[in-house]
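For reference, chains read A, B, C and D in written order, and residue numbers begin at 1 within each chain.
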Amino acid sequence: MHRQATSGQIQDCIKNCQHCHQICVETVQHCLTKGGPHAEANHIKTLLDCAEICETSANFMVRGSNIHSQTCSVCAEACERCATDCERFGDDAQMKACAESCRRCVESCRQMATPQAA
Amino acid sequence: MHRQATSGQIQDCIKNCQHCHQICVETVQHCLTKGGPHAEANHIKTLLDCAEICETSANFMVRGSNIHSQTCSVCAEACERCATDCERFGDDAQMKACAESCRRCVESCRQMATPQAA
Amino acid sequence: MHRQATSGQIQDCIKNCQHCHQICVETVQHCLTKGGPHAEANHIKTLLDCAEICETSANFMVRGSNIHSQTCSVCAEACERCATDCERFGDDAQMKACAESCRRCVESCRQMATPQAA
Amino acid sequence: MHRQATSGQIQDCIKNCQHCHQICVETVQHCLTKGGPHAEANHIKTLLDCAEICETSANFMVRGSNIHSQTCSVCAEACERCATDCERFGDDAQMKACAESCRRCVESCRQMATPQAA
């Protein structure tokens, strides 16, 4: 049995995507300034991917798109990868905050991505 | 004499741009559903312009861009036009909320757009 | 057996997404100017969804993202819906051009979306 | 005396912005992969700024926005800074191509940004 996401869950998911977008954009600059492994090409690419799909995913929900569950599904995947990537840098407050925001976004995007009755 | 925007002013401006972006995206769907003058091509274009430049302007500030005062300046102009356009529909709660969000964004973007010491 | 997309297929898909993005943005204004069924809220939402995910999908491919097959998959779905929606307006050159661009984008995004060896 | 941009000039400017957007997104990954001075935080920020405002500027022109001359003006500034920044890396084909694309975009955005009769 599939359950529809409630309006409150959608509002939370929008907020989580917007927050995750913002912190990923900040974290790109943080990592480039630190340099070394933080500035590695694949890590920055993962952050840029996550930032962009979070923005898109939030916009689809705000617009009430019929396919927002699909954008949320890709967003959950991008956030999962970004969280895992950021968690490698254990002792850095910015990376921790970014990973936590990504994890929250994964959780609420997965609720949206659950197949729903038409 | 020019004054630098404080960090608090920048954070407020980011929030105002993000809020204005979101409400403009919502208002596009609201207006299209109402139809008639609400769905007029120039009005929707004004809302889409405002939504997009608010998103861009917020991202420039989040990234700490050197030219964020210039994106804020264009953003203030787009929000000003959007507020004026929405205020024509006086008795509609969504339009009022959109116009108020645009006005707040105009005000804080103008603070950012003031030429600042390099 | 899964085959990797070739570099030429990726370049074509980027071009198709970019073209589809642009024509959808144009078509929104075209439809709002025509009014009537062209300006119906769900039709415009479908065009805006298609425009945005095409832009995002192109950027993921340009960046060489590891999850571009997933953004392409959502993009194919959005373009499919947009093509079908535009084809209802059979005698209108802009709608025909938009539907054709969407169909080309569906086809090349589906090639990208095929699961590929890691 | 102010002259209106012709339709051909606008189409060229859209193409130049789209091309500049794409090459800047590619160049970010190129620079991060090279590392060293190429991956310096301010250089990547300049590329990300340029990529984003080129995308926005193109969309404003495609939509026929009334304030596209203002987004073009900011875009010209961002491209000018990006071109200058890329030209420091004289012997690198990707950086040269990026700088050339930025220079073309500056030139056509400046034509759009010229104040025009209302």
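Convention: a residue touches a chain if its C-beta (ideal position, glycine included) is under 8 Å from a C-beta of that chain, and two chains touch if they have at least 3 such contacts.
Please read these numbers as outputs of a predicted model, since none were measured by experiment.
By the residue-number overlap criterion, the interface of subunit B with subunit C counts as same, with over half of its numbers used by both chains. The chain with its Cα centroid farthest from the Cα centroid of subunit C is B.
Mean C-alpha position of subunit C lies 24 Å from that of subunit D. If you average the CA atoms of subunit A and of subunit D, the two centres end up 28 Å from each other. Within subunit B, the positions touching two or more other chains are listed as 28-29, 45, 48, 59, 63-64.
Within the complex formed with subunit D, the subunit B residues making contact are 45-46, 48-49, 52-53, 56, 59-60, 63-67, 70-71, 73-74, 77-78, 81.
Residues of subunit B that touch subunit A in their complex: 14, 18, 22, 25-26, 28-29, 55, 58-59, 62-64. Against subunit A, in their complex, subunit D makes its touches with residues 28-29, 32-33, 35, 39-41, 44-45, 48.
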